[in-house]
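See structure below.
A, B, C and D label the chains in the order they appear, each numbered from 1.
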Amino acid sequence: MLKLDFHPAGRHFLQIPGPSPVPDRILRAMSYPTIDHRGPEFGELGLKVLDGIKQIFKTVHPVIIYPASGTGAWEAALCNTLSAGDEVLMFETGHFATLWQKMAVNLGLKPQFIGRPGIEGWRAGVDAAMIEDYLRADSARRIKAVCVVHNETSTGVTSDIAAVRKAIDAAGHPALLLVDTISGLASADYRHDEWGVDVTVSGSQKGLMLPPGISFNALSPKAIAASKQAKLPRSFWGWDEIIEMNKTGYWPYTPNTNLLYGLAEALDMILGEGLDNVFSRHQRLAQACRAAVNAWGLDIQCADPQVYSPVLTGVMTPEGVDADAVRKVIYERFDMSLGTGLGKMKGRMFRIGHLGDCNDLTLMATLSGCEMGLQLAGVKLQASGVLAAMDYLGGQAVPLRRQ
Amino acid sequence: MLKLDFHPAGRHFLQIPGPSPVPDRILRAMSYPTIDHRGPEFGELGLKVLDGIKQIFKTVHPVIIYPASGTGAWEAALCNTLSAGDEVLMFETGHFATLWQKMAVNLGLKPQFIGRPGIEGWRAGVDAAMIEDYLRADSARRIKAVCVVHNETSTGVTSDIAAVRKAIDAAGHPALLLVDTISGLASADYRHDEWGVDVTVSGSQKGLMLPPGISFNALSPKAIAASKQAKLPRSFWGWDEIIEMNKTGYWPYTPNTNLLYGLAEALDMILGEGLDNVFSRHQRLAQACRAAVNAWGLDIQCADPQVYSPVLTGVMTPEGVDADAVRKVIYERFDMSLGTGLGKMKGRMFRIGHLGDCNDLTLMATLSGCEMGLQLAGVKLQASGVLAAMDYLGGQAVPLRRQ
Amino acid sequence: MLKLDFHPAGRHFLQIPGPSPVPDRILRAMSYPTIDHRGPEFGELGLKVLDGIKQIFKTVHPVIIYPASGTGAWEAALCNTLSAGDEVLMFETGHFATLWQKMAVNLGLKPQFIGRPGIEGWRAGVDAAMIEDYLRADSARRIKAVCVVHNETSTGVTSDIAAVRKAIDAAGHPALLLVDTISGLASADYRHDEWGVDVTVSGSQKGLMLPPGISFNALSPKAIAASKQAKLPRSFWGWDEIIEMNKTGYWPYTPNTNLLYGLAEALDMILGEGLDNVFSRHQRLAQACRAAVNAWGLDIQCADPQVYSPVLTGVMTPEGVDADAVRKVIYERFDMSLGTGLGKMKGRMFRIGHLGDCNDLTLMATLSGCEMGLQLAGVKLQASGVLAAMDYLGGQAVPLRRQ
Amino acid sequence: MLKLDFHPAGRHFLQIPGPSPVPDRILRAMSYPTIDHRGPEFGELGLKVLDGIKQIFKTVHPVIIYPASGTGAWEAALCNTLSAGDEVLMFETGHFATLWQKMAVNLGLKPQFIGRPGIEGWRAGVDAAMIEDYLRADSARRIKAVCVVHNETSTGVTSDIAAVRKAIDAAGHPALLLVDTISGLASADYRHDEWGVDVTVSGSQKGLMLPPGISFNALSPKAIAASKQAKLPRSFWGWDEIIEMNKTGYWPYTPNTNLLYGLAEALDMILGEGLDNVFSRHQRLAQACRAAVNAWGLDIQCADPQVYSPVLTGVMTPEGVDADAVRKVIYERFDMSLGTGLGKMKGRMFRIGHLGDCNDLTLMATLSGCEMGLQLAGVKLQASGVLAAMDYLGGQAVPLRRQ
């Protein structure tokens, strides 16, 4: 029998920036018996989750739920709206922006991959002015879409999507705006309609607190119109038939029933707490985390306080300290998982996730583990980050919301 | 809170041909805590399920596990091996063969969709000789792949794949052989390597007893070679990177961790019972089910006893009796779900699933519900099918296997 | 690791007259996290279950919930109301009445154990007239309590408790009336207040659909008054302190928190379905079961149709057929558990449980297994009981209640 | 539907000294389907848990498992070994020793309740010399049993049981030694045989990490012999029949099947980690906790470092600070439950549980919550206890044991 259910005594702390810990309520909901996805009860479930997820994206337009993980929803956004050879303007904010760009190449698109140079580009958000410049320069309107990542999971930077919208409008350019908020949704404020996004891509295993396995495309009418012309071959990802069948709460092919149970429960939890409360809780946790990193005297990877992520915090280790060695000692000694440095940042930083079903004391456990682990790994700390975080959190007057 | 956990007293009988009932053991395994998919423990899980699933497909070559439902794996099989405009020879055995053919059209392929005409074509298996004729006639070798469905979920017909392989070889044709055994795997005998299949497509929610959400491509070296030349755009479905990372038990993007827990448990259950025992149990249940249908004096949809399915049995209702009205009375009166007639068979038949985690008494409950429901719906039955099934099952000397 | 999670393929049919199968809803509720039994949320839970359980007993007086199994609640009923050397009149209806009488002896009471002689006494209910005679004869009023079993789990006889009350009143005797409805509660109609019962004893693992582990004493004011004088030593079982603390939803010692979660869910299920609907469902299932036994030509153990149990049916095997051999073949061949013959009835009968979370098709599976098993064990059956049960159930127009 | 599944976002920290948090593994095991407690598989389960629990008590003699909570096992220990009017010598170490003494009175025994006077008596362990004096003075050998509490849950004092044994032997007195280690077992070192204990009482909801609902009597041959003479009435608690039936893994009345599943899993976890490792983990956590309390400048309730408890730490609040007000702010602000002061200590102290399934980071979360809560409640702290605890824990080189 599989030994994965064996762990050291006590609870593992899964503090990576996703998959985030799945609350017991959701695990229980996922264990409801699988039902006939063409039966009468299924339609009720379908309508409920389709309605609720729109509230999370803050949209009145269709949201597609795929029985696939987030990478698939990236592909869906591209292949529903674009044709072979189309130019797309993509902005490099980190590892995931880079992977999305590689996918665009694989699919036969022609991405221009712009951004600030070197590691500094991975410490800042999207530069909307740069996007505006590129669009203005594209007098032939060859660029069909602008693709940006809202919350870069690899860096802890949350870009200003409204500014990107403004840049496109200022340039008077017809390009679609495609946004990845896989790790941002339901932890960081997001407004699909208000920000004029055409396709928003997201997934289940972050702020929605579900295991990986379902993913999303939120659409605009302009995106739907574009899909009528787009020529990239698609079938599984095709929006049309899904939108049609979703009207009655069903899907054209077998949906991921048990994860939809989990989604229904997650929606109850998030909308019950209130989206604004969810966002301010994440802001508070992130602020406490940064207070700790500052006290330690280490650099927060995100160099621009305007775009600090409420989802995760990237912590840069001092020159000569391998961040993965720090992670290893923390994992082995304190049974906590932290995020590794990805791509250009390999070994230079580690990532602390404080997204989803996180609260003050879980964060304090996390920071305690980091502080002890950094010291065990030989890192000299200026002061106790744990104390700084407690100072901050203890000073917040936040009544708990018991629903 | 979602009311889906509310049911009439007692257990619902989910006797559709998939999703099949998920055993408690698997639901429990799926509730293990989500772990870091880049952490050391994940690799162990990955290697375990990748090894085990090969035994189920009876292959020594790579099996791709997608975090997507079965329809996605259909697309993966096509887009990894073919290029726009390629001709494919597809055989119409029922609704799912038809849907796969539509997908091929959507992806820009040129399917020839052959088969026996009318409803009779949906009551028989693949005609290997017809395939051989078409291949022989294709002297220009324009046909790049032959696509057939092993177990037609819409009809209860299990085609002879070895015969298709022989037909291709007899024609000396280089076309790839692509097979869908989404509903057959782990309930009906299947031999990827021995039968010379190039890509086998399957899913989780049938014989593997999992919820929907993961799907498979089992490959041959010839298929892998073809993928190097195939031009259909692909990224999420691309085999190369997955095969590479699977070597250490990881995936290039976030896998469906909790369903993989379920898969690990399913593999323990199936390999613990023994594949041959699993197959003979399904043969026994199917035989008992057919004994009942015969006693009732109703037609089994599959008109050829050589290709009766061990997974499900299609039952044709007499002229003038709406099969969906029968299903409705059974659902409302006895809390049992049966499969509806699909496509051409709408209203003409219903489908009894006896796949996955099914045993003798569950089948007897199912047949009792059908017999009472048919009578309540006004169908005149020649004799009791329940008695016929008991006669058959009681006569089998099968010691239970308590592992 | 324990191998108890390993079973043959498919679901085990647990058709003993308790513990009955625990519905998934209740298992899920039992997995809620254990909370502080002195904390604010616990009181809410306590008040809810204390209120709900009164509705099940049909009483407005206190119901004690013990963190102990049903045998403990027997002891509690005796030791709270009686003193060493007290005479009690107990009626032999079967094995459990006999065990309760032995307990009375162990506790230093002086039971008169009356009843009809031999096996015939185990095929009929309580004879209220006989009780009346004994009470009339007890001019010294030495008898302090009359103890009867409402639903004899060992026989399938449900005695008329109202008649016993009338007998006591007719005799003008002050004895308390103590009733065991461990296996009757929430499956068979029961009315603590209306029937004038002083202490009703029950448990969790039968009609309440919970695992064993909590048990009950429903009280009358007269019983509470008696407890002030009763001299049998008691502490754990003592009512006073529990009644006092229950007023705010708490207990004087650690309650069985997770089983109380299960009880809360069970109350939602039962009161949601409606007690009258629960009772008529059990009557229907029992009637169908008896139709089968009659068709087989076997004797129902309960010889008096007035007191057939809606909870279970005792089936007597023909002379020379060991009932346990029949049970064994059914267990080994069809993975179904039936109740064994107890005490005097060892080897003479088996018991079919149709209590708790049971429905029509589950009963049909059960009867199919019995019919095949009886034949495999060489029992000649007059006709098919399965057909008789289907005739009966199919003729009932019962819309399912989907809550 | 019950709202108990609704909590503020994130995980509740249940840091009371029992019930302790139930690990997911145990909750999952408890959801195995209830089986026939007279069937063949049950005996295997019974033998497994009866064997394993002996290893936990470190005894080769019978251990009785009751389907009842711990208070019941107190009663069982007394009523199996004693007769009405027997004198027992009981030592007051705190609230639970006091309750056990009250129970003895209720059962008709004559306890002498000795101990150090006032609150100081609740800050120290059992005084073995005082017991020896009382026994020596009892020349008539009227004292039939000495009753002491091993780990006082109300104070955080773990008395020296071996010393009590020596005291009894030194006095040459035949009294039985009865010990309550309800909260100590499986967290604090305990040796039933080596220490010459006659009856050890324990429960499930502490170091064994189960929900409340099963409890234990570990016996000595001398205790079993005494039970043959003991006259207190008993039936449910009677050892004889249980010992007899346990030989084949069964019980004379319905056992708490699902909690036994949990016990089997708990035994796997504890014996897999190794009892010595479990004990040293608890010693480490307790030492870290005391380092924090010392740094805060608050008094640890246990005034004698020789008998500090590894299970919980009692923290005394400064004069004028209501400990329950501190607990309230921590509960409302940080969603953590701490133990209240009981009996004489009401409002004077709170209790931090670090028993059962606890690890370093969970303790750090706990101490962070305490430190912030104490400050929010206006308590002046000398220094950060959190830092002191991190200093201690970070300095321990403890490789995690991944089984």
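One rule holds in what follows: a contact is a pair of C-beta atoms (placed from the backbone, for glycine too) under 8 Å apart; a residue touches a chain by one contact, two chains touch by 3 or more.
Owing to the predicted nature of the structure, the values given are computational and were not obtained by experimental measurement.
For the chain pairs B-D and A-B, which is connected through the larger number of C-beta pairs in contact?
A-B
Tell me which chain's centre, taken as the mean of its C-alpha atoms, is farthest from subunit C.
A
At what distance in angstrom does the C-alpha mean of subunit D lie from that of subunit A?
45
Per the centroid of Cα atoms for each chain, what is the distance between subunit A and subunit B, given in Å?
Subunit A and subunit B have C-alpha centres separated by 34 Å.
If you average the Cα atoms of subunit B and of subunit D to get two centres, how far apart are those centres in Å?
54
List, in ascending order, every residue of subunit C touching at least 2 other chains.
1, 3, 5, 21, 24, 28, 31-33, in rising order.
Would you tell me which residues of subunit A are touching subunit C in their complex?
Its residues touching subunit C are 1, 24, 28, 31-33.
Across the complex, what residues on subunit C touch subunit D?
1-5, 12, 14, 16, 18-22, 27-41, 44-45, 48, 66-72, 74-75, 79, 84, 102-103, 106-108, 203, 205, 211-214, 232-236, 238, 253-259, 261, 264-265, 268, 331, 337, 340
Write out the stretch or stretches of subunit B touching subunit C in their complex.
3, 5-11, 13, 21, 23-25, 28, 269, 272-273, 278, 281, 332-336, 357-362, 364-366, 368-369, 371-372, 375-376, 384, 386-387, 390, 393-394, 398-403
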